[in-house]
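Both of the next two complexes hold chain A, though its partner changes from chain B to chain C.
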Partner chain A sequence: MNSMIYKRKSPLLIFLIPAFLFLLVFLYYPFVQNIINTFLKIGGLGRRAEGFNEPWYENYARLFTDPYMRVAFKNTLLLTVCTVVFQVGIALILALLVDTIRVGAQFFRTVYFFPIVISATALGLMFNLIFLYKGGMVNQLLLSLGALETKTMPSGRVVVTWLDWKDQAHFLFTMFLPVMWQYVGFYFVILVTGLNNIPQELYEAADLDGATGWTRTRYITLPMLRNVLITCLILAITGSLKVFDLPWVMFGAGIPENMGWLTGTYMYDQTFNKMNVDYGSTIAVLIVVLGVILSNVSNRVFRRSEDL
Partner chain B sequence: MKFKKASISKVVTYLVLSLWALTTIYPFIWVILNSFRQKGLIMSDSFSLPLGEAFTWDNYLTAFERADFKNAYLNSFVISGTVTVVVVILAGLAAYGMVRYQFKGKGLLYSLIMAGMMFPVFSTIIPVFRLEAVMGIAGTGNRFLSLLAVILPQIAGNLCFSIIILMGFIQSVPIDLEESAYLDGCNVFGIYFHIIIPAAKSSFATVAIFTFLWSYNDLFTQSFFLRYPQERAITGLLNEISSQAGVNYGLMAASVVLVVIPVLVVYVMLQKHIIKGLTAGAIKG
Partner chain C sequence: MKKLISILLVLAMVFSFVAVTAADDSVTINVVTSYGGDDGNRKNFEAAVKAYEEATGNKVNDGSATSNEDWKAKVLTDFETGSEPDVLFYFTNADAEPFVSAGKVVSIEEIRKEYPEYAANMKDSMMAVAADGKQYSVPSSGYWENMFVNKKVLEDCGVAIPGPDYTWDQFLQDCETIKANGFTPIACSLVEVPHYWFEFMVMNNGTVANHLDVPASVEDEAGQKWVKGLNDIKDLYERGFFPANTLTASDAETVELFNAGDAAFLIDGSWKVGYFTQNAADINDFAIAYVPGKGDRKASEAIGGISMGYFITTKAWNDPAKREAAVKFVEYLTSDEVLSTFVTTEVTALANGAKPAGLNPLQQSAADTNANVTAIAGAVQDLLTAEARGDLFANIQNIVTGKITAEDALAAALALNK
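Let's turn to the complex of A and B:
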């Protein structure tokens, strides 16, 4: 990118200053203030700080000893892995498939995006009904397939052992599924746009060389999509670290039995329900640090594989 | 033989695509159907068509009776429209500068943008509120100042994502085009408006869609800054109705439909624009 056009640097200021001014005032300054808050003793949302914590790193020490934090950390990392593999994976498969068809492509593009359009409050309510303990959609389906235990009482009444989708054995599935499902369309749209930006001449050249099907995908489409894929990967990682609304609507505070925390929901609960504003700020810092580390790692890994 | 193989893969392709489409369409239909159902029937029978006895308009009538939808729509469009326009303009300029120029501190700026995407909104909102209170924007009770109080942090919150997305696409625009335009006497701003924007049109539309949706659906920022009834935006209204509705799932469903429809219209409109931008395609790549 060493074109002579961009040797003169002065226009750069006009390109960068407006955006970064906004970010500075309404994002970076507040976040720095948030970091300062992690060292202060703040008793409530509107309250002033009552001096420094004793010792000043008290909140950071607490991150390592807080058992619920460990739970939130583990669940969130698992969610991140699932998100990257399934969300981006499914989106990539769907995008590649849509790219091969003509009839209906527009239809699929439009409808895959629907879950993102619908607000989390509505989706949360819907999934609560689908996974309802007694008479929810999934349980009724299982019952009709004969997958649930039933006992006929002497009186002739049939008692069904319903499956509790939010108990300790199933809550991870019930929590992760809606989150992953909702945003597949998001990565799909980004990937499809990326596919459309691949120059048609490349495919024509490949056709002349006799490359078709998987070979074409492997040697032209995927390498050309690399930048867009890295973007998706980073968005998936950072997105999953701060997932909040759907799990919050469906599970609330750490259900079941404080095993269901995520870093996002735990932070919200500490800040706005438990009024531990300074500890909540500390969790926010942790979320950012984790995101920076994980996305840098994935950036490195992808760059390297390209050099080979 | 070759023909047969091709048609089998076509069938499988359509099957997979349709299955996923079913999972994304059905919930939406489910909400619409239940918005026309008598409220008592939703828990016991939510999957059939609401015909005859079960059909009702009551949920919509109750929704309009209880809430000022017109005002809330207006507030939402002022907020989300402004946020979208400003974000697209600023993010486009910044992404172009970041991709095409080599300068000191570029790596640092890039890391700052990346980090900015990770700040959870609940970590910046309290300092932002205090800042805006000092500036005389937040908590004044003036409707337009309150809307501005939501608009400013939402712009900042959507910028990082938009810059990253646009950078990804601008990188794939071949630089030769810009060089020939430059030789024809075009300056950098001319190149930006006549080459980059047309080439990355679909990406700009994509960014606009996401920004609008996030702004529109962002309950958290709205409920923090819009405290008075006349200031309420549409998602805040939905939340209020649903918290009052209790187990009245019919009212819930009707309000959800009322909230989702404008967003769907905007989405479908921009979606068409994406396709037009691609097929008109002066440049592909």
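Let's turn to the complex of A and C:
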């Protein structure tokens, strides 16, 4: 009976077509339309196009001359690097540590995964309070440690020079930290699942050969985890290109002084606030192209090992 | 047995559905206003909505938010994507033109054909007229913009509360004194709400009479006035009179700086009186004074008018179930009794005038200052398109830091003002 189902392929179509149609209408059609929009002049969402740009590739040329786009591109690439190094890196270290303990592993899994279930908006507001200029949690801590300059005025009033965590010197740290923190748990769970799938026999054989600690991790765990790690890296790279919500809640439109743009926030600002829909669409195309290129590059660099 | 249970379950479901349908004949309308967030009239609005719901049995889906450029853009986007609310409380100037000219809101003339008493309690002459010569919105309370002062900070610094003859030179001197005493002279987020200072700096370089002249170019008289105004803001920034984090702080942060007694001056609008009424530790610490005058402008000349009103959307009007509910909602919110709860010192278009009761010291101070105001002009920024205004205000941070000249920033904004 089962074999009959696999021989007759036509019933499968009935289940595949609705999902295909859904994607066609809600993903591929908007995507193609978005590409067309990049060549048109559109002064607001839902507004009729006022003809083609002159020249038609104007928006693409602007991508290379727009200084804020350069800032957004640079910050996004930096975020991608940080994501790979810190998000996946920390997740890997935590996963390896949790894998070695027998008691409390489930507790740590829940604790590390928890930030994922909190909305980015709520996290943004929370980190805004943590890094608040006057009286924020971090600044209060620094004040109590004597790390902030204070000055007593002739009137006896004490003036504190608070640290601006959103200024030019600190904004990258303040912006990236919550993003890193939020998604470490996501990769942690994937990696822990990968670790659980490594056959126990390999470790037992390694024990017999006298391999312990780092040697065991270096020659058994990491090679066996390679494919899962590659998946995590690709997810992290493509995910970092789309980061929007948390930085937008914390930094809005390019704070500080238009140095805080990411491709996602700049695209949103151009489309919704500046009503420059065609240019926003062009940035969206760039994000997709970057995503495809970077995920392909990472695929090639960390080519999947078929023998594992 | 199974069949019997199935039939009983189906019958129970049908009866409960019929019962719910029969009992729930109320109408739900979607309403968007600027009475959201920390708006001083938020509580009054909530009370009015609750009273409307109790009186009519209708329900209100309140999508209100704080008014800023993001909110304005979102409202316009909702109209353009067909997601507009049934009733909208919004700006009546050029900001409303996109949806007015698209026929997405109903004119008062049209509404009065079916509801002759609609907005009958308002002075028709004070209702905003759109570019097509028709009136579309029922005005709520008006507004004024002026200088809030923290009296305690001024007292600690030995600075007198500014009077109607306050001059620019005196202001600069006072700011130096305040700064030397370890306080921030001006509470303002130049990255988020530079527009109050922009209005007064433009007026300071012109007159109240020509305040509403929009430049056609950087070189014309109005253009030069705007450039000088923008450079005055730059001068204040360079003197260190704004908060140290003015280019990264939110409006809420700088207002709190003022509220907490760390800053002396704040230019804001009549809507902020309610905020301090609710949030000030001691309302007696605050007063409404005057923005310093320069050149031909006197400190007693201010910004003000009626800029917002209630619109009924064509979508709601064409929905027989919602038409009546939307009309009744606007009538209720703009009735003499309800509107009087929103008003303390603001002007209204009510034919019989508002009757605010029990003014607190700050409200009384606003009333006293308004009594001394010798002339008033609307906000000139309202005459710019959203794109031009957004671009100009986003560039103020670049002007003050010298990344762009005031002339270039203005030229870029004017290019978008079509």
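The rule is short, and it goes like this: the second predicted complex is superposed on the first by the 278 of 308 C-alpha atoms of A that agree within 3 Å, B and C clash if a C-alpha of one lies under 4 Å from a C-alpha of the other, contacts with A are read in each partner's own complex, and residues count from 1 in each chain.
What we mean here is this: a residue touches a chain if its C-beta (ideal position, glycine included) is under 8 Å from a C-beta of that chain, and two chains touch if they have at least 3 such contacts.
In this text, all values refer to a predicted model and were calculated from it rather than measured experimentally.
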A:T110 in the overlay: touching chain B, chain C, both, or neither? Say first, second, both or neither. first
Looking at A:I118, would you say it contacts chain B, chain C, both, or neither? Reply first, second, both or neither. first
For A:T212, using the defined touch cut-off, is the partner it touches chain B, chain C, both, or neither? Pick first, second, both or neither. neither
Classify the contacts of A:R157 with the two partner chains as first (chain B alone), second (chain C alone), both, or neither. second
Name the contact category of A:S281: first (chain B only), second (chain C only), both, or neither. first
Per residue count on chain A, the busier partner among chain B and chain C is B
Counting only touches as set out at the top, which of chain B and chain C does A:T193 meet: first, second, both, neither? first
First (chain B), second (chain C), both or neither: which does A:L129 touch? first
Pick out the shared contact residues on chain A: the ones touching chain B in one complex and chain C in the other. 45, 272
Okay, in this complex, where on chain C does chain A touch? 69-70, 73-74, 76-77, 79-82, 98, 156, 181-182, 191-192, 244-245, 247-250, 253, 256-257, 260, 262, 386-387, 390-391, 394, 397-398, 401, 403
Sort out for me which residues of chain A touch chain C in the complex. 43-47, 132-134, 151, 153, 155, 157, 159, 161-162, 164, 166-167, 171, 252-253, 255-258, 272-276
Where on chain B does chain A make contact in their complex? 10, 13-14, 16-17, 20-21, 23-25, 27-28, 30-31, 43-44, 46-47, 90-91, 93-94, 96-103, 109, 111-120, 122-128, 131, 152-153, 155-157, 159-161, 163-165, 168-169, 171-172, 174-175, 178-179, 182, 188-189, 191, 200, 202-203, 206, 209-210, 213, 217, 219, 235, 238-239, 242, 249, 252, 256, 259-260, 263-264, 267-268, 271, 274-275, 278, 284-285
Which of the residues in chain A come into contact with chain B in the complex? 1-6, 8-9, 11-12, 14-16, 18-20, 22-23, 25-31, 33-34, 37, 45, 90, 93-94, 97-98, 100-101, 104, 106-123, 125-126, 129, 135, 137, 181, 184-186, 189-190, 193-194, 196-200, 224, 227-228, 230-231, 234-235, 238, 241-242, 244-245, 264, 267-268, 271-272, 277, 280-281, 284-285, 287-288, 291-292, 295
